[in-house]
Structure formats: C-alpha cells, structure tokens
Amino acid sequence: MEEKKEKNGFEPRLVGILCRWCSYQGADLAGTSRLKYEPNMTVLRVPCSARMSPLFLMKGLTSDIDGILFSGCHPGDCHYISGNMNARRRFVIFKKLLEFAGMEPERIQMSWCSASEDKKWADIVDSVTIEVKKTGPNNKFK
Amino acid sequence: MKYAYYPGCSLHSTSREYDMSAKEVSTRLGIELIEAPDWVCCGATPAHVTMHVLSQALPVKSLINAKQTGADTMAVCCAACFSRLKIANYHVLNDPGKKAKINRAVGAEYNGEVAVKHLLEILAKDFGLENLKGKMTAKLDGLKVACYYGCLLVRPRKIMQFDDEENPTIMDAVVETTGAKTVDWPGKVECCGASFSITKTGVVLRLCRDILQLASDAGAECIAVACPLCQSNLDLRQPEVNKKYDKKFDMPVLYFTQILGLAMGIDWKKLGLDKHIVSPLKFLKGKNIIK
Amino acid sequence: MKIGVFVCHCGTNISAVIDVQKVVNDLAKMPGVFAMDYKFMCSDPGQNMIISEIKQKKLDAVIVAACSPCLHELTFRNTLIRGGLNPYMLEIANIREQDSWVHTDRDKATEKAVRLAKMAVAKAKRNQPLFPQEVSVEKSCLVIGGGIAGIQAAIDISSAGYQTVIVEKEPSIGGKMAMFDKTFPTLDCSACILTPKMVQASQSKKVKIYTYSEVEEIGGYVGNFNARIRVKARSVNMEKCTGCGICWQKCPVKVNSEFEQNLGPRKAVYVPFAQAVPNVPVIDCVNCTYYRSKRQNPESKGLCRICEKFCPAGAIEFDQKDKIIEEKFGAVIVATGFSAFDHKVYGEYGAGRYKDVVTALQFERLLNSSGPTQGKILRPSDSKEARTIVFVQCVGSRDESKGVPYCSRVCCMYTAKQALLLKEHIPDANAYVFYIDIRAAGKNYEEFIERVQDEYGVLYLRGRVSKIYRTGDGALLVRGADTLSGTQVEISADMVVLATGLVSNPETVKLGQMIGIPYDKNRFFTESHPKLAPAETQTAGVFICGACQFPKDIPDSVAQAGAAASKVLGLFSQEHLMLEPVLACVNQKICNGCFHCRAVCPYNAIDEEILKDKSVVARVIESKCHGCGNCISACPVSAVDLKGYTNEQILEQLQSLR
Amino acid sequence: MKELIDKAKELLKEKKVETVIGYREIRGCVVPAYVDSPCDADCLIFDKRCVYNLANYLKWFKNKNVALVLKGCDAKSINVWLQEFQIKRENIFIIGVECYGVMNEKSADAGLSDKCGHCEAHVPNIYDAVIKHQGDKKESVQGEPFKDIQEFEKLPHDERWDFWKKQFEKCIKCYACREICPMCYCKECIVERNIPQWIMSSPSVKGNFEWNMVRAFHLAGRCVECGECERACPVNIPLMKLNKKLIKEMKELFDYSAGQKEDVKSAIDDFYPEKDIKIDDKMIR
C-alpha cells in the first residue's frame, strides 16, 4: 500500500528536445489553443532534429532525468531538407543500444509533430508522462 | 529444368489438346513438368465474386502441394489459372493481414515461396528464345499468325508483371522462333467474353466477331492463343459468328504450343490438332506443314 | 558572469497561473543571477527597464521569461543591442505558450517556470557573443536555360544594369515557345511575341548568351558562385559567320529535325529555325559526312567538306574544340523548363507505332506556317489532308498508372486552341476532344473554351479513350467512352492528337544535386515556400522560374521570371550580405577528417582543408551553412559545434534539471 | 608461408612499400612484426595463432607506403578507413590471407575464437594479393549468428541492467578496448575532453556506463567484428555483445554491414525515406 502511494505521487522529470520549426511551434500552438497537458516536461529548443545528438539521451538518463523526448518535423517536411531522416536513424540505433543495456524503452522517445499539430503535442506529452510515471523514477545512476 | 505443373480443369477436359501439346513440347525441350499432387480448382471467376479468402486460399492450397514436387516454380498454361495463382501469391507476399487469413483457411504456413510462371515466360525467359530457335526442325515460313493474348495474361500489370498490358509481344517472339510471321494487330488484348459464352452468348459472338475481323484485316491466317477460354470462344463460336453476322471466317485457332510442336516436327495427332471445331488440318496441309 | 532574469506577468496571462514572485525569488538564489519581474516586459517601459538594469548591474547576459521566442525574440535582441550587449546573449524562457496557458495547477506550473528559467540560465552561462558574417556580392547573374522564362529574367536583370549570362544547351535560345504556332487565349502568333524578346536579349550589352552550352559545375554560395560552362564546339566560327545560310543550303545530308519534332528534315549543318538567335549554324557531328569519315579513318582528309568550300566567310572550322568558361556570379536563376511526355508507355494508343497519332507539339508544328507542311494539316503517313481529328487530353497527366499523378495545367487550353486553329484552317473539319475535366482557370480562358465549343463547333466528349488502332483503310479507329451520355463511342479519324503532359527536364536531378536545390517526386524543383516564396529555393542566391518548378503557361512563366529577377535585384542592391551567425564551426585541432559531417550535410557546406602537417580536416563554408546542426550529431569527436546551440550549452541545460 | 614471405620480399625489393606489417613468432608467442628489408622477411608467419587485427597499426602509418597482412575480418577495417578518408588506397598494399579461423586466446581449450563461428569472409573483400589457405578448409558453424543477442534481448530490462551494471563495475577505464580498436583512431578521444564533457571521467557506474555506451555507439555501422576490444579487455567485459547488438540492428533496420565496400555511405549517415518510414510504426510517435 505504502509503495503504491509512493509511485502515484511520483512526478517524473521529463525533457523534450524540440526542433524550432515544427514541434516547438506545435507546442506553442497548443498554448495558443489553450489545450491542457501534464506539466512535467521541460522543453529545450534546437534548430533541427538533426541537432539532437543521440548522446543527449544517454546524458539525460545519467543526469537522473526520468524520460527524454526528441521531436521534429514529419519526414519530408524538414526545414533543413533531410535532417530528420538522419536524426531518425541515429535515434533508433542509440535507443536500441540503450534498451539493450537495460534502459526502459519508455524513457527514450521520439515523435514527429508539425507546427499545426497542437492536439498531437498535448497527447504526446500526456502519454509520455503517463508511461514514465508507470515505469517509475530513474535512479540507476544515483 | 524442373517445374511443378498446374494443368487446371480445362486442360484435363475441354482443352486436352493444350495439355497434350504443352507436355509434348516441354519434353522435347528437356523441360520437366511434374504435375502438382492433389491440385485443386484455381477458383477462377466464381470464387472471387463470392468470397475473397476462398478465391485466394484455393490457389494457395495448390501452391503448397506444388512444394512436394521439389521445384520452386509452378508452370501454368491456362491464363485464368495463371491469374488466380499469381494474384494469390501477390497477396501472400504483400499483405500480411491477408496472408494470415489465407494460412488459417488452408491450415498451413505458406509464405509465397513457390513462384508462378506462365509457360510462355518459361520458354521465352528461362529457356531463352535463341535456344528455342535451335530446337526448331521445320520452318513454318509463310504462316501468318495473329497472337491473341486475351485479358487475363497481362492484367493487372502491377501484379502480373508479364508484359506491356496494351501491346504485349512475348507470344509473338516465341511464335516467331518457328519462322512463322506474326502480324501487328490491334486485337491482342481485347476481351473474348470469357465465361459469358454460355450465359450471354450474344455478347461473346459480337466480341469474337471483332477479334476475328481485326485478325483477318491484319492479314493473319490463323490465331495463336495461350488460354483455353479464348480458344474455345474463338473456335467453338466461329460458325455461329459466321451465321449471325453473315461472315465467312475460317480461321483456325491454335495454341501456341501446337504451333511450336509443328515446328519441332511432332506428329499432329500428338498435338491434338484434330480436336478443333474449325479444323486446321486442311489449312496446314495446304501450307505443306503437315502431310 | 552576471545574468539578469526578467520575468513577465503578461498582464494576467502568466501571473494568473504562475506565481511570478516565487520564480523571481528562486532564480535570484542562483549564484550570479539577478532577477526581477514586470507587468509587460515587451512594452517600452519594460524594455527600458531591461536596458537600465543591463547598464546598472553590468549584466553579461539576459533571460526574459515571457512568451514564446517566436514572438519577441527579435524585440528583445534589439533591446540588448540598445543596452550595449551582443544580441545573441539573450535567452528566452517560454513560460506563457508552454506553461501558463497549458497548465492549471499553480504550484506545478510555477515549478515548471522555474525549471524553464533555470534551463535558460544554464544555457546563457555558456553564451558567446555572435556576429553576423559579412560577404561581398558579385553582381552578375547566371541564367540556366534560354526559354521564355530565362530570356525574360535576363532582360529584367540586365535592364536594371547588371551583367547577365544565359546558358542554353540548344543551338538557339527560344526554348519550347519558339515551336508553338499561336498562343492561347489571344491567338497572337508565338514567334511574333517571342522573337523581339530574343533579339532584345541578344542585343543588350549586359546580356551574354552561350548557346550550345551546358553548365558543368557550380560551386560557391550566395553572392559568390563559381560556374564552369562548357561551350560545345559548333564547328562554325561565330565571329566570322554572317548567317547567309549557304552552308545548309548546300549540305547534302538530310536528317530529321528535332525542332520540327521529326516531321520535317534539316541538314547536317543547320540552324534549328529561321529566327534563331544567334543566327549561326551548328554542324551535327553525328550525321555530318566529314565527321563520319573522320571517325572511320582518322588519317584521311575527310569526305564532303562542301559547306567549307561554299562558305563565303570561311567560317567553317572542323577542328573546333569545346571551350570551357569559368565565371563568377552572385546569383543563379534556374529556368530549365520541361520536356514533353513520351507517350511510348501508352500501349493502348499505339505506343508510337502509328504515324498519324501525333503529339501536341508535333501538331503545333503542322499548324505553323513555317513548319514542315507550311501550315497545311497533312497527316504524316501519307500527306493527305486530315479532315477528322480526335484530340485526346490528359496523356501523361492525371494518370497515376503511368507515373504522372499531377495535372499539367496547360493541355486543356492548348488543345482548345489547336482545335480552334484546325477549324480555322479547314472550316468543315471535324474536331473531337476527349477530356476528363476542363481546367480553364485563367484570364479569359473559360470564355475561350466556350468560344471553341460554341462558335467553332468542336465536339467535346467527357471520357477517356481506351484504344486507338489502325483499320484496314488506313484510318485510325478511336474507341472511347462518353460518360455524359453513358455510351461507348468509336470515331474513325484521319489523325489523333495526344495532348501530352509536361514532365520535368531529364537533367533536373543532376542539376538540382549540383546546385543543391531539392526536387519533388515528380522531379520538379521545389520552391522555398509553396505560397510565400515561389521563386526562391532552399539555397540562398538560387532562384527558379518557369516550368522547371511545375508546368505552367507562358504568362505564369513570365511572371515568375520577373519575380525571380526582382529577387536577384534585391540581392544585388546590397553591397554586403549579412549571414545569420548560428553556424557550424570546426575545431580543426581535433578533427580527424573522417567527413561524416560532409556525408550528412544537406547543403554541401563542408569542405576539405589541408593543414600544415598535411592532415586533411573539415572546414565549414559559412555562407553555405544553414545552421541545422546535422554535422554536429554526426561528428564522433565533437570537433564540430553549432554556435548558439553548442554541445556544452545543451548538456548544461540537461543537467540544470537535476 | 613461402608464398607470404616471397610476396613480402618482392614488395620490399621493388620498393613498393617501406614496411610490411605481419606476424612473427618470438619464444612461442605470435607478435606483430615490422619488416623493413627483404632479408628480414623470412620471419613472417601466418597460422591460427595470428589473432591481432593489424589494420590497427595503420594509425601510425597513415601517410606511408605499407603492406599489411590481413585476414578477411581485418580487411573490412580497411574499407571503413577508406570510407572515412583516413588512408589512400594507393598507399597500402593488402596481402590478404585466406583464413578459416583463429584460436581463442582466452579459453584454455584450443578452440576457435567466437568471432570465427559465423565468419563469412574467409577471403578478404579487398586485397592486392591473396595467400591461399593450406590444409583443410573447415566451414564455419552455421546457424543463427545473433542467437546470443536475441536471447539476451528477451530478458527483462532490469535483468539486462543488472548484468551490465556488474560488467561495467569491473571497468577500470584503462581504454585498452580503444587502443586496440582500428576504428578508434581519433586524434583526441572525446573521453579525454571536458568541453563538452560527454563522459564522466571517474570509473563510477555513471562514468563507466557513459564510456561504454559512447564507445559502442561510435562503432555503429563501423565495427567489423574483429573482436579485438573484447580480447584486449583485462577485466573480461563482453564488449562484443554490445557491438554485435549494433551490428544486428544495422543489418535488420538498414540492411547494412560495415566494411563491405569502400565507396558507399555509412548507413548511419544515409537514409532511404521509403524504407525508413517503416521504423516510425514501432519507434516513433
């Protein structure tokens, strides 16, 4: 009983690394549309999903962050022509490696979210938050 | 060269001459056709209008049985069977959902491992036109042939991958190895009316008239076919066409295998040339092709 | 480092959900951080407050915790400049769009605002002043393609006083428009409106024209492109030739003319058409008897040489070689146009086997009074006058099965025009048009179609043609559906005109990759923005116009050419260009030269540089770099970094959440 | 053997190369040999004790003309080096040796090394001369090459973590795995930099995890499976398990194997929009 309460009260610390052209603007639109979503994710803005070095995932986890989300433009919509294509491959490979080494897949996420997908953004944040809450705190490196 | 062989119902009944000539020709060429054990109906026409899974499960059943022959490719002569088998294979290979349903229906695991090829493809591509030419003993010079493909061999292109669906040339190439001339004519892929032969004979008569007319306009003396349905419509209905439209067609409709057989010097009786309604015997004798 | 954090209430937009005071208090506890709040930070008093705090507290960097950076980043950057700071020392914490507007729980929202602000502080600690880079502008423009779009763009740019170079791969400029007979909907003669433009371009001192030439290589960046142009050997001296035409009159070799769409002959030495600019012939080495004999026996003197004998100016030079020209340009306009769809894939229409099934471009030549039939509509097979003609629209347009899903936009109009011209040539001719839809969106276009149908009696049939074949008497039987009456129709025609669609030029892909402009799945060049930047491309300094972007008619091509020209002029009006400083830069001391960065760079912005110790390392061509950061993620040693978004900054941001 | 020695002599005599790097035997141990003159070439040997990947020595011969004795697995490293512009093809002469397995140094029984079990490159895919194998050509063990990886994947994540935590705890950060790896040729390894500090320098759980993840990731699409890292590791961390995982993923996701060709883009830098879209279903929201 005690443990369950503990888990329910767990507020995960999440980071979202967003590309400035699509996902960040989608997240802005969610604000303009006054959608409501979980407040756990802190957003960091970079130019393109290609800037999101997969090592950020590892660094985030070893810095005791409970979950990290990369988000960029949909394939084909990249402002920098093909950045998200490269980003996708790097992300997937590194995620597979981290999972192999015992990291929970829920902590390492990526999404495509366009500047017009405010609802999708809110849904992404909510579901990532719920998933990480279920997974529990990341205390592997404490 | 070893192939599993799917005769289909026609080749065991109304189109025995196709079966006979195909086997004769293959034997001469050293192509081994091993009849797939326990093959079942391909499901042509009636099955896919009643139940999709059934229409795909039936051919898959035969394809699974074909594996027992040890060959990885199934040779098919009938255009309708060819179409059904190829379409079933296409769905198995490209649609995991359908594949699961089909496999459940046949109660076996089939992953599209048996390729389906029409005898024309086997002769033209696997055996090779040049090799084929070398096997011809009698030249059929002076024979003018209209190659009629019908609709099922070539369409839909995405699935059949057979030849250009509007102007196919593969049969022309195969027939030309005999020294016969093929004519460039526009009726190659017209519809013959297929199974309407019995239910709506009038439609078939009109369509057959058009095809026969186009062939004779182009200067053809006989028509080569690769499908038992096309053959029976053009052959069987020819007297009726003549009567209804006041025409005087006397156009033998031969299987391409029969023409190849003649050029290889196979006895015409073994090729079943006596089984046609519009008898080609007189015509062939006139051409000095048979005695 | 002293950092000032300015938290905005945004009226109650922020403060209604976020405890602004708590944010200020929490931030102020951080070492080296000064924090304060204000009702409207973006207002004049708000900005002035920031300026005075920068000066009083000697701040090194500024955080504004307010609305999204998409709104006021520029505003506050200017505030920093006015306060005497480098504008790139600003960070914005987005506590409105991504916090107060999307959350309701006051405590949690406040906590998030603190996290966002702390993250911004973490980044700002590692901020470096950045300075826009200045590059000079070479004020001359390269126009690739000498069709109507290229000619128009060159005229516009040159008339503003700037040097322009047209590179055209054919022996004459003029492009496809030179082949047309009349233009819709006004029916003025195509040559009559095009030729003056060609002459104007050729006579302008500011326009240089390289015909029979191709761009082989383009390097460089906005303001400073280097192009290598191959001027192919014409075998005729351009300076000496007077254009008298004796050479091609005497030449004994006849071949099919490309300009006449293979309906008429030309000689082995030829000018493609009478009004060609420049009016200097070319010798077609493939078919010329001299070159053929030389190829067979290189030792011989070569046969024929009749043109050489008769040329009064002594302009024939058989031993001419290709010339390579290297020039610098500040801007490039790509106007490479289109190709006509090859109807060989339409087996049902004969796949090119029937001579009397012609393409629209061939019919255009038949209509033209300077064409192979002097404007008589004679069918190619037997030169009999064609009295019944069927026009088939959408051949190679709107047909996914043939790989062309798009509408070519001009076929409805030119088909109507051709049907009308047919009726004018032979008033009692029968014209049938099979169509899917009629797309006549343009000034006076719909009225034109109406006129063709009503006044000229052209019969429009809504449906597709399923088959065309030749009947015994030499006529073509066209079988199609008339979906409006629901019947099958068969028309016995003398000739069939296929309204072939417009497809991309075969060189599009090669050129696009060379210049670094993307193309879509139909291999048309992609504009920078489909609505707001139709003549620009992803590569700064490269513009597109005409049908190489998408099929378009003459007025649209001309309009886009003007747009591209005005963009070039805008560029040329600047002495120096300022480039965004958010760029990649290489730490060459640790660079291995593995060039993973070059492999991923979408802009070819990575170059090789050889250091003193002979090791090869990467260098960022700053003017080509767009600052996406792809190279940084690809670099295994972190030798590349992105100014403004360095690895260190992002790691600090991640760790600020601990 | 004679063939190998003759080739080396010929190369040195004709001054085609300055040095031949091969194997020799000293007091019963096989060690790398640098041969500068034809008269020294007689010491060269090749047998199943020649485990080392000599491509690693190119790090010190980048711009020199050298000949290398390379097995099929080792030669793949040359392709990666060429892909990454580290050497010029004309500078090196590859004496490929046909190989049917080298011994497992770490186990007492004289069986073959693990990496040889599924070898597909008995003959190098890039070479200037090949020395034929003498004796019987035993084919490699057939079967699923990634069986151990697949089995490990099936474990629950906390068991996987416990396994690696235990393994990484052993790590003493000696960087032998890096020194021995022909792919780790960086002038300055990122582990030795603190701006930015990707890897915590202390040998703690965190620091060791970071090091091992980064090391493995930097070999994605580059590791040619020579197995040297695992052999060199003094504390026996199963490093090849990580490498093999990435080899498996590169193959399955992108249909790419490292070191096959010199003139292709590495899969990690490349993309195929139509094929990659399949990744989205499972991995990306």
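Lettered A, B, C and D in written order, each chain numbered from 1.
Note that in this section a contact is a pair of C-beta atoms (placed from the backbone, for glycine too) under 8 Å apart; a residue touches a chain by one contact, two chains touch by 3 or more.
If you're wondering where the values come from, they're calculated on a predicted model, not measured in any experiment.
Chemist: By the contact definition above, name the pair with the higher C-beta contact count: B-C or C-D.
Modeler: Looking at B-C and C-D side by side, C-D shows more C-beta contacts.
Chemist: Just give me the whole-number Å value for how far the CA centre of subunit B lies from that of subunit D.
Modeler: 56
Chemist: Compute the distance, rounded to whole Å, between the mean C-alpha positions of subunit B and subunit C.
Modeler: Centres of subunit B and subunit C (C-alpha means) sit 50 Å apart.
Chemist: Let me have the rounded angstrom distance from the C-alpha centre of subunit C over to the C-alpha centre of subunit D, please.
Modeler: 46
Chemist: Per the centroid of Cα atoms for each chain, what is the distance between subunit A and subunit C, given in Å?
Modeler: That gives a centre separation of 36 Å.
Chemist: Hunt down the residues of subunit B that sit against at least two other chains at once, touch-wise.
Modeler: In subunit B, no residue touches two or more other chains.
Chemist: Give me the residue numbers in subunit D that touch at least two other chains, ranges are fine.
Modeler: 198, 268-270 - these are the residues of subunit D that touch more than one other chain.
Chemist: Show the residues in subunit A shared as contacts by 2 or more other chains, in ascending order.
Modeler: Expected reply: 54, 59, 82, 86, 90.
Chemist: How do the chains pair up in terms of touching? List each pair.
Modeler: All touching pairs, sorted by chain label, are A-C, A-D, B-C, C-D.
Chemist: For the complex, give me every residue of subunit D touching subunit C.
Modeler: Contact set of subunit D toward subunit C: 63, 84-86, 185-190, 193, 195-198, 218, 265-266, 268-270.
Chemist: For the complex, which residues does subunit A have touching subunit C?
Modeler: On the subunit A side, the touching residues are 11, 13, 15, 17, 24-25, 27-28, 30-32, 34-37, 39-40, 42-48, 50-54, 56, 59-60, 63-65, 79-83, 86-87, 90, 122.
Chemist: Of all residues in subunit D, which touch subunit A in the complex?
Modeler: 152-153, 157-165, 198, 200, 205-206, 209-210, 212-214, 216-217, 220-221, 242, 245-246, 249-250, 253-254, 267-271, 273, 276-277, 279-280, 283-285
Chemist: Please name which positions on subunit B make contact with subunit C in the complex.
Modeler: 157, 164-167, 184, 186, 214, 217
Chemist: Once bound in the complex, which stretches of subunit A touch subunit D?
Modeler: Residues in contact with subunit D: 54-55, 58-59, 62, 75-76, 82, 85-86, 88-105, 109-113, 124, 127, 140-141.
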